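In what follows, structures are represented as structure tokens.
What follows is chain A paired twice: with chain B in the first complex and chain C in the second.
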Partner chain A sequence: MNIKNMKENHKLLAEYKYELGEIDKGYTNRTLYVNISDNTINSKPVTEMMKEKFVGGKGFGLWYLWNATTPTTRWDDSENEIIIAGGPACGITQYAGTGKSLVCSISPLTDIPIDSNVGGYFGPLLKFSGWDALEIQGKSDKDIIVYIDGNNGIVTIEEAPLEAYDAHILGEQLTEMFADNEEDKRNVAVVTAGTGAEHSRFGILNFTFYDQRRKTTRLKQAGRGGIGTVFRNKKLKALIVKFSNVKGDLNNTFEQSIINKTGIKYHKEIHDLDHLQNNMRKIGTANIIEVMDAYDLLPVMNFQYGSHPDTEKIKSTVFIEKYLTQGVQDGCWYGCSMACAKAADNFLLKTGPYKGHRVTVDGPEYENAAGLGANCAIFDPEAILELNFYCDTYGIDTISFGTATAFAMECYERGIINKEITEGLELNFGNFYSSVELLHQMSKGEGFGTVVGQGVNRMKKLFVEKYGANEEFLFDIGMEQKGLEYSEYGSKESLAQQGGYGLTNKGPQHDEAWLIFMDMVNNQIPTFEDKAEALHYYPMFRTWFGLYGFCKLPWNDIVPADNKYTDEPAKVPEHVQNYLDVVYGVTGRKLSVDDMIKESERVYNFQRIFNIRMGKGLRKDDRIPYRSMGPVTKEEYESRQERYDTQLREKIGYAPEGKTTEEKMAALREYRENQYEKLIDAVYKRRGWNSNGVPTLKHLKYLNLELPELMEVIKDLQ
Partner chain B sequence: MKYLAKDDSKCIQCGACESICSKTYFKEDNPEKSCIQINKEDTPEINVCNQCGECIDICPVMAIKRDKLGVVRIDKKICVGCFMCVGFCPQLSMRQHDDYIEPFKCIACGLCAKECPTEAIYIAEKSDEEAKEMPLDKVFNK
Partner chain C sequence: MSHAEVILIIKLNNRDFPWEEGLTIEKIMQIKKFTFPKIIVKVNGNHIEKEDYAETFVNDGDNVEIIHLLAGG
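And then the complex of A and B:
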């Protein structure tokens, strides 16, 4: 890699100098605006109104996006933006999970705003360089980078023709290029996509952090909704920030001592309890692979089933014992004692352009093992790691890829598509080589891979229009809503989780609500009102993390030893208080839990109205595929016949004896679809929305969110 | 490797060690700013770093290293103040005080041992095999 030559071939397109400034209680009070169409760079003030109504992070991102776009803006229009913002708590180092960035854009999959949260060092270093948010608008006609030198106060836009595109190489090249020496590498953070992001709609952004022990650049992903596709469509090759003087007090907090105290208490808790609870430090989120299987929740073969005997081959201990390096500090920002960003080192690749290379693979996360593995019936740990690696470096979302590939595999197995259509790929369940070939095709922009890369929503239309597939059946088995692929949990047997997926703003991603255990396993929310309360509280509570720059995992992937004796163990009250204490320490805002929920509600309702403005925020858009609610096929019914027969008998008063499976399926379906509609009614009511899913004017008044531009969108929908 | 050894049974809880430590390193007579700390209960207990080095692998920026005498030291210029080392110290001997954004610890300088009237603390040597940090070169084969 000739870094010097690459740098010499950069052509400076714009340079902007700025005063470094100082952070005040978590805010720099400025946003960096970069237009890559006309190469202008400006500083924009962060107003008091923005802080009061939108807090930061995702709130700022959505607000800027709203102002930049119109109802007709689509993902590839020049005015579409990519906004990266941390939040006031982003960059503190004393509490676990405080380096998150929230990225917003209009999605190529959904045509509505997407928000995706991501670790790595970019968000904190951006703030220390003087910026609460980075707002990128416009489109370049040549491959460019944007470089923020946070030590000297200089921003440049540069043509960068020679660097690689794939993230694991480009991250290394740019880290090497902009760091003064080995020790300085951790002060450089890079945002990239990858070759696959150009040829699919579910491209991701990779955010790097330099791992000083491994001496390699690690990758964390803003995975959902295709922001990497927008990034490459703008001809952005990378964003780079450099800031060399990180200390623990750069946020100039209101009261540092309460942050120190809360952080150390939490570090002790991780030290004492993690190995007795979820083993996050050893395996990260993948600790639940076998748990999901045991509870019949692991998506298998495009969500048809919830478990499989071969899960044994990909259970968490296999990765711990054979692949993931243990005992290394794996946090994706300083101070994360949960350290869930695991990696397999010296992993030998078997396919593709990097065949024979030994690489560090970040992961696997649970979603990757479930989506790339079980959902495609690929029960091979090395296959999962290889798919995981190529998804990351090509800039492809593992979740959308897993769910879309599983859908294509089911269509292939059922004869809806064939070998002629797939151009020779045998897309049977379990075929790793076909799956990874789809990825290589996405990278090169050729073959059936580019069809799968359009996502489930567009594949459904194509298969119906071009190949005569049954539209209703494809709607039933195509696991997408609003255009976004489902993440990797089976929700058939949990009505609350059907709402947890279906009644989201961005599409079916579990970051808003994960209620399966509360609902199905522990039966803590039996009535519609209970479920509606949970589908109000949890989405709002979880939204809050993204406003402040927090990671959600330290909230409940470990709990205090006495948590089970509290009034509401599922909420982990002590940890909620930790967050309120930390936010008080950073900003001086003394919030109650109600205040916290209200802060989120403002942003959540704003996003809902944004969806409505873009034409996709009403009740009809909250419809979900039947595969997420119940058995679509005879085989699915019969795999859980006892459970379904019992439900027919006890809940519907329908005697299953003597009935055909088809008859029973029809009765069950009518019941379950009706239950979902009742759930929607209850949830909308609790959220302050009318029966069409539109926030009421009264509710906006309660939220102090009566902005004229919002009222304009919803006034005729009351 | 060098460390500060202790014999709790000889401690008379006079606090002379805490006093000399905090005065030496923080120019203040304040037991909360002392690397060695003595409890206030009836049975004396001396809490001080045994140089095991578990904190070395915890530090996200590799600011904690063992020096050539085997003493575990924090490079405060590199430290980012996350205090994970405080939460993960098996002896609870890594210190933190809100006046500073970096933690602090015993570096086995021996000044307190000289002040101790009962020889309850003293500089000693122990086997290097008790050092607990990971051999990174071997782990990553680089």
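And then the complex of A and C:
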């Protein structure tokens, strides 16, 4: 690659100089605003109100997005923004999982705000360069990059016509271009999308970090909700930040010794216990593939089933033994002893424009193996790695792609669509070559790939309107809600998890609540009130990570040896205290668990009201497809007949004997749909919302969130 | 129904579970396919360590808790 030539072809569109400044207790106290329509760049102060009500990270992102948009703003409008923000704890290096940033935008899939958390070095380096958040607004008509030089205090917008688009190449090119030498590469972090992000609605952002041992740029993804699609629609090719002097004390914390002490205690735990618990350092999140299969929770064939005999072929040990490079400390930010960012090196590609290349594949995460693999009945580790690679480099969300492809495959198998419609692709379950071809088509913007790239919600409409499909049936089997594809866990046997997916703000992503074991296996939350309590606590607790810049995994992917003797082991109380201690050490804020939940509740309720303002935050929008609640088809029922018959008998008092499968399915369905409605009632009540899902004025008062602009949205809905 | 046909049960996570001669924690884990590594086991409120699963016999009427510690995917 001729980097020099690429650089010489950059055309400077704007330049902005700033004072470097210092961080004070985790905050730089200003944010960077870049408008790429009129090429203006300026600095905005972070107000006390912002810190008090929104903390940072996702809170700041949503607040800026609210102010930038109107109820009619859509994802491709110029005023839509992409905001990247770390949070006050982002960038400390003494505790595990402290390099995350949150990205917010109006989503092309859902038309409401989306937030996605991501690792890599961009968030921390952005902060060290002087900025608590980066806010990008406007649209360019030429491909551009935005470069933040945190060493010299300069921000530029530059036309960048010659660089590649696909992430694994573009990340390398820009790292090379902006680093002074090999040693300097780790001081450069790049955000890119990819060619597929341009032609689908579920584009992702890839955040790089330079892996000095492998001598390659690695990619971490802000995956959900199509922010990469917004990025390419704005003609952004990349964002780059450079900061060369990373040290452990740059956050100018309130009391560093507390953070150090807490960090040392935690690192020892990882060292002593990880290999006995989740094996995160060897395999990363993919450790649960076979576990999900054993508990009938692995999505198989568009969530029809929960296990499959061939899962054996893609279980985690196969990836560990044959593909994932071992013995390397794979942290996505300095100081992460959990180090789960695994990679397969020297992987030989079999298809597409990079066929024959040997590449590093980041992953696979559990979601990728489940979504790209089992859900499409592709039980082949090399197929999963290849799909994983192309999703990342093309800038496509593995989860949405997996769920959307599984849906298209089921429609194909059931004759709802045919080969003529797919333009020759045989979209049977298990067909890797068709699946990967969809990806290549998304990259090129042609063929049936662009249809699948619209997502399940829009495919459903198209299949009904154009090909005469049965609308109700497609609603039942299309695994999306609010426009977002489901992530990869089966929820049929866990009412709480049906709520964990259905009662989220952004759509069915499990990062708010994962309650399947507590509910289905442990039976710890048997009543509606118990479930509602869990669906209050966990989403609030987990929102909090995104306010401060923490990674969620170190919270419960390992637990202290004596955790089992605590009152509520599922909450991992010692780790919760660790977080409170670290936040005290950084900011000087002494928080209790109640304060922590309240901080999240403010942002969570704010997001709910934001959804309402955009026309999608009421009870009707929390409806979920029946596939996520129970058996839609005869085959599904009959495959687990004993389970369902028993439930009919014991839970409903309905004798299954002598009944047809259809009759039994109808009785089960009526019961389960009714249960979900009752769950909604209980959860809304616990969250301080009325029966239509609207936060009450009283609740806003309790949260000290009585901002006039919020009251305006909800006052007539009380 | 004759007495010989009465099914003996234990409580497993507060649900009925059939008891059989020689039932151990290890056996329950096999029957239920409980393979998740982070599990807490209690019998009548007493913690059972992993190395004791095979030797811990469960009696008719016992209250067994096998708690899977995963509250976040």
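We adopt the following convention: the second predicted complex is superposed on the first by the 718 of 718 C-alpha atoms of A that agree within 3 Å, B and C clash if a C-alpha of one lies under 4 Å from a C-alpha of the other, contacts with A are read in each partner's own complex, and residues count from 1 in each chain.
Just so it is clear, a contact is a pair of C-beta atoms (placed from the backbone, for glycine too) under 8 Å apart; a residue touches a chain by one contact, two chains touch by 3 or more.
Please read all numbers here as calculations on a predicted model, not as lab measurements.
Undergrad: Considering only the touch criterion stated at the top, classify A:Y538 as touching first (chain B), second (chain C), both, or neither.
TA: second
Undergrad: With both complexes superposed on chain A, which partner does A:S78 reach: first (chain B), second (chain C), both or neither?
TA: neither
Undergrad: After lining up the shared chain so the two structures overlap, which partner does A:V246 touch, if you call chain B first and chain C second: first, second, both or neither?
TA: first
Undergrad: Contacts for A:T633 in the overlay, against chain B (first) and chain C (second): which applies, first, second, both or neither?
TA: In the superposition, A:T633 contacts neither chain B nor chain C.
Undergrad: First (chain B), second (chain C), both or neither: which does A:T351 touch?
TA: Touch status of A:T351: no partner.
Undergrad: With both complexes overlaid on chain A, does A:S257 touch chain B (first), chain C (second), both or neither?
TA: In the superposition, A:S257 touches chain B alone.
Undergrad: Once the structures are superposed on A, label A:M518 by its partner contacts, choosing first (chain B), second (chain C), both or neither.
TA: second
Undergrad: In the complex formed with chain A, which residues of chain C make contact?
TA: Residue positions touching the partner: 13-15, 33-38, 40, 47, 65-73.
Undergrad: Report the residues of chain A in contact with chain C in the complex, numbered from low to high.
TA: By the definition above, chain A touches chain C via 276-278, 288, 290-291, 294-295, 366, 487, 489, 510, 514-518, 521-524, 526, 538, 542, 552, 555-556, 559, 563-565, 569-571.
Undergrad: With touch defined as at the start, can you tell me which chain A residues reach chain B in the complex?
TA: Checking each residue of chain A against chain B gives 93-94, 186, 212-215, 246-249, 256-257, 260, 263-268, 270-271, 325, 327-329, 331, 334-337, 345-346.
Undergrad: Considering only the defined contacts, which chain B positions touch chain A in the complex?
TA: 57-62, 79-84, 86-88, 96, 98, 101-102, 134, 136, 139-142
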